[in-house]
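Okay, structure first, notes after.
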């Protein structure tokens, strides 16, 4: 089996068996139980909530991130093994949401770790969550969910941003350059 | 003089049976999840989900290791559980089970457990250490009633070889139809619940307490190996139960029916282990989790007491 | 042998021994104990001397006139015993003095002694 | 030649003792002296029907030896049983001495002197042919151990060892005297015993005396104190080698002197003599309780001590059942225990040598720092836990088979559960000492400590593959007891119940291991530090130091369940007995009031009693 | 073979003891070497006499011109020769330990020689009154030695010893008086020959008087009140000396009384009873003892009881056992008393202290290959062949108790005396004693032959 086929198989398998770890920083976690239980039942797609990042493939960051929690998020993200995907959950991860002017909240999660899918809403409904999963499957299938490759590629920039955030120089956080997107 | 053709055939059969065992194990994983989902009024994953999970884990891009002792876990657990399976009579077919006996099987089952424990310990994660502690204590807990029943059977059938026990059951009737071993089967089924680490005895892995315990640091191919071990473990343990109490699924004798007997026995065996596993799943689906000392007390107080009664029964009933 | 004549002496010596033993047993005072020991010794010595007494005999000095004389051996014994008794008493007194110098008393207390 | 051996040993004791200031020189001299018993063993190999090449038998020892002591005669002669146990001791002893050479940094002369004396005593015990010789050498061995215990300097160890040593000696002596009264001779071969109660009493006393050295359960109290407070090489020899002598004595007297048929004449139960039955029950209890207590220990050496007690209990079970199968199992267990426990204690010594710690909760992560020590002790642990990839399993298997064959319905589950309990405490050693967080930055143990450990691991692997060779060794021994060795080929053992084929297990394991290895090699991997662990996202570098080693109070739930039942059981019993003795003692002391008058009253009273006695009489 | 008169054993040290003050006037430093020289010379005499006796039988010597039975007779028997050699061999060794002492007391040396001479006298005399005199000299010398520490404890112990000793001597005198009153003789042989002519009542009374009198010196149970106090009060060297000289002489006298002098019905049973009582009470009392010297004293009592038990068996093997026990006790107990003073765990580091002490303890407990073992072994073999199970059991229990308290002792000295370094001379003494123990233990056959002779002689009614 050549490399191309192998990675294709890997993509198919990881699409059908996404193990998830969710990082419950805010109120968004409240919407997870309906997704897991009988109404929406994400196990239909082989998705499963996992206890540790070593076993997980997809990372749900549910809600706002203070600088302190960001450290944990980065730690967990780095402990996950490739290929790994991140879903930013709720408005807070996109632009700070209702904490847009807080001195202690990071505004854009994608400046610190690569986010594959965002779910808008404050909070997003379970339907939206399911939708985002389906979207992620689609992206994996097409080979578009390449956040983990980006993280390797722009590792220095991500690290720099994280360092700035940890030292509360949030205004010095820069966008990740996306000049040579494949 | 060794007959090389026979030997080659035996090795091929062994490889086939092992592969089959792993396949059934993975299938059981899917079935288990499906059944649990149905009990909880969900749709559940497809029945082949086990294969997908294992394949996914082996196709992970990067794998981490905490050193060579950590890797022993993956090696020993897969090798050990396959070894134990080879020494079990499956559907009346005894591959190597004539070369060892029940004691050997019980101790072979310890190889993957100890290897797994070695790797988990080597990761240095405190959760893993706690999980291993719980696993070993659960093992201590369920072994007492289990060995009580097993020894009662050994004395009753006057052999320690599992193959001979299966043979004798095929000649007479299944052990479960003897009143004392019907009770014995209940006791052993409780022990099986602990062996399979299903609720209420899933204390070692308790994902919400200690983050899946021993497996906390395993990911990628290491976790894949462990998944194989766990899934194969289901087959091995249920087969052990079926061999002991349900005649190993042997209903047709090979000498009379030829190859048909193999097929029928195999199907019966598969249905029986599925049935045994199904009971375990039913219990699993409705029970919460014990604390570890509660589990120990449960097994040693109630289960072992019944086991003791069986021993006394056999002690009085069997004349030397 | 006629012991009738000796009976009073037996009684006396027994009495002396008894008094001596009583003193040793009951007294705490060192000097009294030493005195009691002296009494004890004396009683025993009298008894031994009486053993060799022969009525009508003379002192055991060989001069050819008398065939009946006292048994000389007990007397020799007693002489030795007396000498020993004296030396023991002297030593006991020396010890008593030493004890007095160390403790300032000649009472053997129940509390202060070595025991058990 | 035996005279020369004894003379060399005694001279060695003096020379080595005087070289106290030069530990290395003393150690090397002691090592050369310690090899002599092994050469003797080789020259005597014809006793076991083994033919060795002549260059291995360059020293020629006579097979029997006498020394006239005036009133008595010392008689030494090699027997198959003696040869077997001498094999264990004489192969262990030089290794222990070799280990000690680098272990001791100062003041080791006394150690080597006492060790040589223990070996001399053991040598005599194993060859003794009469009770006087046996007793003399037994006590020489016993008190030279005492000397080594005193070197440890722990009060409880000394008091308990000397008390129990004396108890054991006196029980044995009393038993010997009963036998002497019965037979009028001290020589084993000349004894003609009958089934009287006196002989039963004698054998009971003798066996319970040996049980002290073998650390059977109510008599084991000294063992944990001594094991945990003495120097490590000595403890390795004590646990590995010397504790077997107790079982040698039990076997010699139960089956050699008294004999199975005579034992049966005091009543049997299902074909097992009642005497043996009770010994087996005691052994099973010891195996279980020793295991439970081992799980609760935090001190590495105490853990190993209780583990020793538990493992030795299996030998007692085998000796109690007394069928050829059981005796083979017991001897096999003795051999295994000799080597694996010695390796474990030596490994503990090596760990102590490098880190200076014995507490499991203070160690950790040495597996990567001292890989060869770790691997050696891993093999020993596999043997201890009877995992079928070392010879440890075969011994336990034989014992289980023997128990089932004789329908020991209640003993066998206890044995099996003790075996499972062994997993618990061996994992405590593995995790607490070798796995997990590396706390000490140490080097591998020196070569002169590794070499003995690995040499001692070898038999465990050889007898895994060829358990039949071991059965061959037992054949002459069993022949002496009018039994035949169990059916076997080099790599299979057959019993009436089942069959054990080591070749099948090994090849199947290798096959499955290859399969697993292919799976394992399917993807590359990278190594990460132990700090890179999932701790709910908590970055460890935030803290100065957090220990992630969860080894203190590792089995706390277990202790919660079992501790109330095992709260100082036997020790408490002996303490109560001692306290009762002390009550009598203080009563006796009260007689000496210190008042001279009272003393005189005693004299007078004595006088009066005598006179009164005379008057009455 | 040179033959020398046995009286030299007594007269020589006695004479030179009284010369000691003159030496002291000449040179103070010369006293100790002088004493040692005298004692060693006596050892030489004793060994020559021992050899003479073992080759040529009992030696008789009459003194003071009179013929026996009036005159005093010395009769060195087999047992007497062994004990004389033992006492005279060990006393210079124990004296060596005195060299390290800064105090230079001529009186001590005098008393030492005196007690050595008179203890020897007890074991070689053939006359009852002579024995009494030697007893008294021994006693007076021992009183002085006990008091020589000049502390409160020393004086107290000495005084208790004096009182009980005096009472005991009064009883001996009474016994002598009784015997003399009936038989008009004091010679042992004469008494033994004619004892049957004595009325049984008088015989018994004499026996009772004598056993009480001698029992005080021999540390028999109800009569041994002084033992713990005197041993505790005296210095360790004196305790060491007392346990080898006077007590051995006392137990010899008891044996003499039992076997040859007044063989009464039930005498051996009585001795057995007393011996067992002494053994058990001694060992039990030692069990909870904190003071080391006192503990050793109680242990001495127990050992004396054991020796008495061995004598009371009235058989050859047990007699041999008794001799071995005496040898073991004399050597080992002197060693332990010498070693105890500063015995702590610290001194264990010095092998020249710890190893001898270890050997001493082993010998006392009865571990092979030391004399104590041979004693206990012969005793038990004898009792076993006679079937005395209860006694064996009691002896065994006593041995276990012994082991328990010696275990504590081995761990550390709990004595109240301050810890000082053990001196070179003491170390020399205990090393020599330990060597002797090892030699006797390894080659018991050389003691066994004379011991059997002694046993045969005693059981046949001889000395």
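Chains here go by letter, A, B, C, D and E, matching the order in which they are written, and residues are numbered from 1 within each.
Here is the rule we use: a contact is a pair of C-beta atoms (placed from the backbone, for glycine too) under 8 Å apart; a residue touches a chain by one contact, two chains touch by 3 or more.
From a predicted model like this one, the values you see are computed outputs, not experimental measurements.
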item: Chain of greatest Cα-centre distance to subunit C; value: A
item: Dominant interface by contact count, named by its two chains; value: B-D
item: Closest chain to the centre of mass proxy, which here is the mean CA position; value: D
item: Most remote chain, CA-based centroid, reference being subunit E; value: A
item: Where subunit A and subunit E are represented by their mean Cα positions, the distance between them in whole Å; value: 97
item: Chain centre separation (subunit A, subunit C; CA means) in Å; value: 115
item: Inter-chain centre distance, subunit B versus subunit C - centres from mean C-alpha coordinates, in Å; value: 98
item: Approximate Å spacing (C-alpha centroids) for the pair subunit C, subunit D; value: 67
item: Shared interface positions of subunit B, touching two or more other chains; value: 60, 62-64, 211, 216-217, 220
item: Residues of subunit A engaged with two or more neighbouring chains; value: 52, 54
item: Contacts with 2+ other chains: residues of subunit C; value: 21, 24, 33, 108, 113-115
item: Full enumeration of touching chain pairs; value: A-B, A-D, B-D, C-D, C-E, D-E
item: Residue ranges of subunit A in contact with subunit D within the complex; value: 23, 52-54, 71-73, 75-76, 79
item: Contact footprint of subunit A on subunit B as seen in their complex; value: 33, 37, 40-46, 49, 52-53, 55-56, 59-64, 207-208, 211-212, 215-220, 223
item: Residue ranges of subunit D in contact with subunit C within the complex; value: 586, 589-590, 592-597, 600-601, 604
item: Contacting residues of subunit D [partner subunit B, same complex]; value: 270-271, 365, 367-368, 374, 382, 385-389, 393, 396-397, 400-401, 404, 407, 409-410, 412-413, 416-417, 419-421, 423-424, 427, 430-431, 435-437, 492, 497-501, 504-505, 508-509, 511-513, 515-517, 519-520, 522-528, 530, 532-536, 548-551, 554-555, 557-558, 560-561
item: Residue numbers on subunit D that touch subunit A, as the complex places them; value: 532, 534, 536-539, 542
